[in-house]
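Going by the order they are written in, the chains are A, B and C; count residues from 1 in each one.
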Amino acid sequence: MHESHKFKIPIGPQHPALKEPESFSVALKGEKILGVEIRLGYNHRGIEKACEERTYIQDIYLAERICGICSHSHSSCFIQCVEELAGLEVPKRGLFIRTLIGELERVHSHFLWLGVAGHEVGFDTLLMYTWRDRELVMDLLAGLTGNRVNYGMNTIGGVRRDVTKEQLRKIKETVDVLEERTMYYIKIATSEPTLINRLSGVGVLSREDTLSLDAVGPTARASGVSRDVRRDDPYAAYAELNFYVITDDHCDVYGRTIVRVKELLESFKIIREIVAKIPEGPIAVKAPRRIPAGEALSRYEAPRGEDMHYVKSNGSDKPERVKVRAPTLANVQAVKHMLKDRYLADLPIVIAAIDPCFSCTDRMVRLDRMDKGQSDVINWKQLHDYSLGWHREHGVDFSSLNERLKKAL
Amino acid sequence: MRELFNIIVFPGFIFLALFGFAAEYFDRRMHARLQNRKGPPWFQPVADFIKLISKEDLIPSDANAGMFRMAPIVALASTVTAFLYIPLWNGKALYSFNGDVIVVLYFLTIPTMAIFIGGWYSTSLFARLGSVRAITQLFAYEVPLFIGILSAALLADSWSLAGIVRFYNSHPLLFICNIPGFVVSLVALLGKLERVPFDIPEAETEIVAGAFTEYSGRLLAFFRMTLAIEMVVGASLLAAVFLPTVAVPGASGSAGTGLYPAAFIGFGVYLIEVFFIVALISLARTIFARLRLDQMVVFCWKFLAPLGIAQLLLNLYLKGLLTR
Amino acid sequence: MKHGAMLVQVLRSLFKKPATVCYPFEKLTMPEKMRGKLKFYPALCIGCKMCERDCPSGAIMITKIADKQFDCEVRLDKCIYCGQCAESCPKKALEMTPDLELASGDPLKLKVVYHGNPPEISQAKPQSSERAEGKA
């Protein structure tokens, strides 16, 4: 083991440590990591192109299904762009309900993360307990919105469903129970030595590195960088709510755990404030089918960090271009840096600590080649011709497939 | 003829297999209940075994087929052989001779070697990493385990398990002096059985399944049965050495096939003790996270080994007092 | 630092009822507004086809069988259960029910057709006869 050879081990695309496929090719010397090569794109589904061929109303649901855990973030962010283009002003009650669902989503996402982090370090009990408590949030969301994930609460101009007083009361009760359980998890996270030893000193990202690598979300906030779109660029109802932005100075995975658990407590506070302050009134304004031409960019604080959507419209009822920049794309560059000179045993928890959601991440990315100093963009027709040519070279014959397609149509 | 019955049925292979399944069921059920969920039904380990036996063995093309096939069988054979020397009731083991405590401990080391060989000759990267981790872990826990058990043997002035049990039955109070040794041996046993917190050679989220990555079908069934039986044998060893057994008068000298009620009571006490130790192992699995390899080595050499040596010194002193 | 910090809670769980629901022997009740299988009321449909236009996956199809009578075909495997059709319908002829146990091995069972009234049998109170084969 001391005089070990160097070899490359493939973590992914299929690996028990990863919940979603991504390829990390790790160069190892014994147990020490020498370097990591990251390849993205295993979950690319062509969503941005699919958005261009559907109307805005259909695109709400497509945007929601970019990711299962941060679905409301994507749909809200998209709708904020469209509402800005159409010049709509959403009524206050609609904004409050949108914020309420967003915060409940943050709660369920952070509980999920606690469980996954426990599982990656072999602490299955934490997984079972946190996911049991997450069921309370899921049942609440099912009662409010009609589904446990992919809430479908947003529509252009507001929200689709109203909340009754009975539901608001139930939300308050559930939040009280969840807060008590969160305090228990804080106690465990700060006092169980086997857990702390696995999380401390691992995945260190200093403040300067965070700023230069542009990490977002709890990953950045655990290094002391106070970045939160809810405070820096308020959207929905956040301008009227009081909350703190949690930062921590540990700069490692332990710090990220602390930030997420404390953010849970902040979310409970925000939810209570929303329930107390929600105004009466309409929940949506009528939106036009055709959105006037223009471009809009909107940002949203998803549970994982800053999510950006860009929509370009041309006056018809279908968008011309939709671009999504998910928070994990900004954070995954930091993983390479965090894994230098660490052990293989730290790799799953470091990857899990940025809370990766590769379904969100795999969109079109344009790579600028630093050495050649040029960037290449090929359009749809060129891509189509290239694909046909490649398949012909490898002996795939299209004539029989085309005949079958004609018969089926 | 009677020897054949003893080796194959009781307390040999079939009894051990059933006992191993029962212990595995108990462990999984308790682990589940501690985590506030229902566990698997009683026939789950048997069902797993039957399912695995009925599947095809896939051997990687680069692997050395002979060693690959031999490893689980050697592991299973050595754990079953170790059980033949463990006293089951009233200090009677199937075969016992002076020095058999060392033999049992060595028989329990062979499965780790077999896991190493099986993983190494699999030639898969994950398997090799797992097998190297298993050997590294062996360096850490082996010494505390040996010191713990041998310090108890030292006080009893006997190197045979049956003799140790007889000694402690006649001096009941000396069990209390061995409690630190019991703790040391229990923690080291967790390392030998490769259970959380010393789950490192088979860390599911890091190296898929460690040395067992390429195993499937019958070979994997035997490996899993080895792990279950190893848990039973290890727990029996600890129960024999550290926990009090009931010395029931009226049991005659020969371990005949006659059914003495005294034998039953002794056997029942033995079963309860083994399940108690399995329950402790299950509890440890639930409340701790997995340690990293370097953390584990540091822990074993910084805390466990000194505690074991302290116990050894205490026992030497007590032995001096006793023989005066 | 407390070793074995979870010990007390874990031992207490031994005596609590487990949190597992033994599906399919025990079933949880879903909230009433859960978005499950779609239900169509042919008497209310006016054939504007707004639902067809707004469906993100093309799962619903309205066909005219007679004057002011429409059939509705729902493909349960294409439907994403978003409920946009129910919201877009100006006459509230579509409703989402909490029926979620829709999985089936037979693809024909996933195509549910709600019939309107054929022209020969027209009654004062129109009934909807549904070939409800969507239940698993």
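Here is the rule we go by: contacts are C-beta pairs under 8 Å (C-beta built on N, C-alpha and C of every residue); 3 or more make two chains touch, one makes a residue touch a chain.
Because the structure is predicted, anything quoted here is derived from the model rather than measured.
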item: Geometric centre: closest chain by C-alpha means; value: A
item: Selected pair, greater C-beta contact count between B-C and A-B; value: A-B
item: Whole-Å gap separating chain A and chain C, where each centre is the average of the chain's CA atoms; value: 28
item: Chain A and chain B: spacing of chain centres that average the CA atoms, whole Å; value: 46
item: Distance between the centres, which are taken as Cα means, of chain C and chain B, whole angstrom; value: 54
item: Shared interface positions of chain A, touching two or more other chains; value: 125, 129, 132, 192
item: Per-residue overlap in chain B, given as positions that touch at least 2 other chains; value: 34-37, 286-288
item: In chain C, residues with contacts to at least two other chains; value: 4-6, 10, 19
item: Sites on chain B touched by chain C in the complex; value: 30, 32-38, 283, 286-288
item: Residue ranges of chain B in contact with chain A within the complex; value: 34-37, 125-126, 129, 132, 136, 196-197, 199-200, 203-208, 286-295
item: Touching residues on chain A, where the partner in the complex is chain C; value: 54-55, 57-62, 65, 125, 129, 132, 135, 139, 142-143, 146-147, 150, 152, 155, 160-161, 184, 187-188, 191-193, 196
item: Touching residues (chain side chain C, partner chain A) in the complex; value: 1-6, 9-10, 19, 30-31, 33-35, 53-56, 80-84, 87-88, 96
item: Contact footprint of chain B on chain C as seen in their complex; value: 4-7, 10-11, 13-14, 16, 18-20, 22
